[in-house]
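So that you can tell them apart, the chains are marked A, B, C and D in the order they are listed, and the count of residues begins at 1 in each.
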Amino acid sequence: MTNVRIFVTYKESVFDPQGETITEAIHSLGYHEVKQVHVGKFFDVEVEGNIEKVKETVAQISEQLLVNFNLETYRYEIMEEA
Amino acid sequence: MTNVRIFVTYKESVFDPQGETITEAIHSLGYHEVKQVHVGKFFDVEVEGNIEKVKETVAQISEQLLVNFNLETYRYEIMEEA
Amino acid sequence: MKIAVVVFPGSNCDIDLYEALHTVCHADVAYVSHTQKSLAGFDAVMLPGGFSYGDYLRSGAIARFSNIMPAIIEFAQAGKFVFGTCNGFQILTEAGLLPGALKRNNGLKFICKTVELEVSNNQTAFTTQYQAGEHISLPIAHADGSYYADKATLEKLERNGQVVFRYAGENPNGSLNNIAGITNEQGNVLGMMPHPERAVEALLGNEDGLRLFKSILENGKIKEEAAL
Amino acid sequence: MIATEMSPQEIKSNKPYLDWGLSEKEYNYICEKLLKRLPNYTETGLFAVMWSEHCSYKKSKPVLREFPSQNERVLQGPGEGAGIVDIGDKQAVVFKAESHNHPSAIEPYEGAATGVGGIIRDIFSMGARPIAMLDSLHFGEIKQARTKYLINEVVAGIGGYGNCMGIPTVGGEMTFDDCYTGNPLVNAMCVGLMEQKDMQVGRAQGIGNAVMYVGAKTGRDGIHGATFASADFSDEKETQRSAVQVGDPFMEKLLMEACLELTNKHADWLVGIQDMGAAGLVSSSCEMASKAGSGLELVLDDVPQREPEMSAYEIMLSESQERMLLCIRAGFEQKVKKLFEDYGLEAVVIGRVVAGKQYLLKHNGQTVADIPVSSLTDDVLEEASQEQVPQRILQAQKKQQWIPQINNAAEVLTKLLQQPTIASKKMFTQTYDSQVRTNTVVGPGSDAAVLRVRGTKKALAMTTDGNGRFVYLDPKIGGKMAVIEAAANLIASGALPLAVTDCLNYGDPNDPAIYWELHQSVLGMAEACRTLDTPVISGNVSLYNESNGKAIYPTPMIGMVGLIRDLKHIIPSFVQHQGDLVYLVGQTKQDFAGSELQKMQLGEISGSLNEVNTTKITLRMKRLLTAMEKGLVASAHDLSEGGLAVALAETTFGTKYGIKGELSLSGAELFSETAGRFIVTVAPAKQKQFLAEMKDKVALIGKVSGESQLHLTYQDGQFNLDLEVVKGLWEDAIPCLMKSKD
């Protein structure tokens, strides 16, 4: 069993209203040392099989389902193998 | 300037309907080797100041704003210092 | 002309579309479950608003893997009419039948209100009963309605006249180019965030959506007659 | 888990039940009188939740008996998931309200969302399709960041759930007062529509019939949530509360559609159906058995579980959402399973109706509970509560009444329109889908919401109203006023009030002053309900609404539904034509105690209320309704917070018209809040008939004008106000407060 974390973020060029709103909220709390906030989501998945197969599966579910390439890109990290 | 990534996840016993629904969707696509999906979000923040101060700020904005302790917990990683 | 209204798990404007077509327009319409694999016998298919699969992951992202989707895609490729409103529009973009994507409203909140729209193209099968450039009012009700596409796609949409409806007053959600509804290149697939099916009866205060359904029915009939 | 459970002896000596809300006296009564032995851990837990106020109504029951609950239209009164009222054509309207105050104070989004989810299940468990949601929300003044957060999250939770379900949220109310700062009130009401033939009950009967579980799996959510609702808040406790329930509206949508298919198409498979709400599986199953006088056996190993190694106690007390319990005729289990499977849901047999009257729970091959069903539901110790008139009331009666000085009525009106309780709530209501399923004829922003009944000429009007301030100053009169206000909102929309649901929100009932408030206000509400012939068919009690030892205003919420016999009779709240005559219906008295004006000018409320004559007001409202049904009324708006002046301004908002009026009232009386009054506009051609119908008990106060001005001449002055300007201020007031930094 392998634990993989898949990170999904908006592409650079896509406006992220949530990031803006949170940045403003942080500033209004007085933390002006915080310059920029970007928000992303991640998926922690547990996958069975050998590592090559796992990587393949992760790429496939990301590309088919988890990521919308009009807006988003992704990256993943193998967290641990067991 | 320090880049920090703050990870926010649901606490253990909290029901995550989104994760459940995505897991089912992945299974219905035929990827039965994927056992469990948990969804989380992350915040990439750029913070000014020395590292100790940065850590303090990150803890404060997480606790005051980014994390709902009724349901969520958080962890952060220093990504890079510049 | 026979119209299918597809019901996905979590669709909730299915009855609104059905009633607009059946009770108000006296059209021949039937519900089709997402579990079906065929649209045989139908001449048009409509995807209703709602929260398919709870809008979990992204609006429309999971619904596009339904059993019925290959039939809808085939239908679109065959040049038959496909219409999606709100969640239906989101599903059509996720399925790649329409370009671009619908992201979270700039204000981050769900908005339910009536907005002013411009009919930017009245030459589509869905809009022939409107005047070119006419301003109409339709309700919106969504949290993820901010239309996004990259620059090249936007230019192409504009060049081809694929932008059919545009927000004419305030832009309620941050959609690029004020886009509220688009067609595919062939013009037989329309997706829009506003809800024309909520605006077909004077009792509910607005009839501006009626002509959209009448356009489809009329153009469907013309097509049928041409085929004979 | 199970290994670490306390033994019956340990329970007796360590008294964990005290933390679960069961008193020493109750525990002893259970041991000595009911069981004649010591209850084990699971059993003690069952008693603790079932005997909580939330489930047993042990404190409030004697008072609730005061309410009228029947008339010839009522098909189902209190006692089931929701009340049912005949609306003709073999159809019925079903409704109930529910409070989720304590969960929302802790976790506002999920608290509000699961409150909505719960009340929706109550409606479809009766066999009715939910057609509308309303809410009643009371928060602290919009000052602190925490209050703003609570408001945003509660509103988002209500919208998030209702929007996803495709049930329009069509109306409600929202007030702001310091007393709600630490303990906001979040009440939700759901209205459903059904064919009378589809009526269901929550009963488990017929030996051998199956008890089936459907919906979400059981987790350790909100264990002891029901008993939390019975213990007040203090700031220190806030951080330690246990697992919050999370709502899944998508699951509930599937569950609703599947249950409606079962109840409406396969009634012959079904014996009873009930939702699992507070106190989850224990309360739903033992109530279903108790109502039918049956015995029940459940095998807890068969309960679908989300988490490993749950104990019997946890399985029974879990408040996981989106679950229903069915009693299915033996032999139809597979059919039911298949029906739910088609919706992607699992239906599981978890037990049977058995001979006798015991409540038997099996887990891991052992009997973990074996107690009489009735001991959980019927044998609850009802305790007589102490009552005492609060000091503030005794003192108020001795003091002179406050009479405002009005020097600049236009300025006062302008400021009143910006008071949060009066100001536009659009920034919140537009986050609710108020139109989905295309029946909403009148949505948020009018006196009552109106939905047509598809396929008929009928429409239903609905409203929620409460006014803690009046009830605080005089519970009995305030109680009457709450009911009158709800009825007035329906009448103003052209509807005949049918029946009432309520949420009774009060402080700690062990305080004799608070119990007195509860009792007196119920007496007032009951009297008004009797006069109006609007029985109370369902409701909910929420006690212990206190924070740091200070109670909220006693705040009963009245939810009322009315029938409009013909769509033609729907009356708008807004003026319709230039030249129409403006009438004031009802007399204006010096009613300033508890008014919005008093609150604004003094910063607090005080004084005592003048008596309210419910008979007279009812007669007046009936006449007005008749005039409406005869087509004599162009628009109507009832007078509430801010009185006549505010109502006159409101009734023009969103139109291109204004009003030019001349009144024999004083400047102060423009803001008096005498109950049961309306402003009505009438076409000149209909004037004579209108007056004949109203028996001349109305005053002509002006005309609808073509420009957007409110021009008023009154006893001691006059003013001219630009309505466009004040409408802007009225609309921006709440958005400004919500944005401002504290």
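Simple rule for what comes next: a residue touches a chain if its C-beta (ideal position, glycine included) is under 8 Å from a C-beta of that chain, and two chains touch if they have at least 3 such contacts.
Worth saying up front: this structure is predicted, and the values here are computed from it rather than measured.
Between B-C and B-D, more C-beta contact pairs join the chains of B-D. Subunit D has its Cα centroid 37 Å from the Cα centroid of subunit C. If each chain is reduced to the centroid of its CA atoms, subunit A and subunit B end up 10 Å from each other.
Multi-chain contact residues of subunit A (touching two or more other chains) are listed as 65-66.
Each of residues 53-54, 56-57, 62, 65 in subunit C touches at least two other chains. The residues of subunit D that reach two or more other chains are 248, 250-251, listed in rising order. Pairs of chains meeting the touch criterion: A-B, A-C, B-C, B-D, C-D. Of all the residues in subunit C, the ones that touch subunit B in their complex are 53-54, 56-57, 62, 65. Within the complex formed with subunit C, the subunit A residues making contact are 13-15, 17-18, 21, 65-66, 68, 70-71.
Residues 1, 7, 9, 22, 25-26, 29, 31, 33-49, 53-54, 57, 60-61, 64-66 of subunit B are the ones touching subunit A in the complex.
Listing the residues of subunit C that touch subunit D in their complex gives 9-13, 15-16, 19-20, 49-51, 53-56, 109-113, 139, 141, 143, 195, 197-198, 201, 203-205.
The touching residues of subunit B, when paired with subunit C in their complex, are 17-18, 21-22, 25, 28-29.
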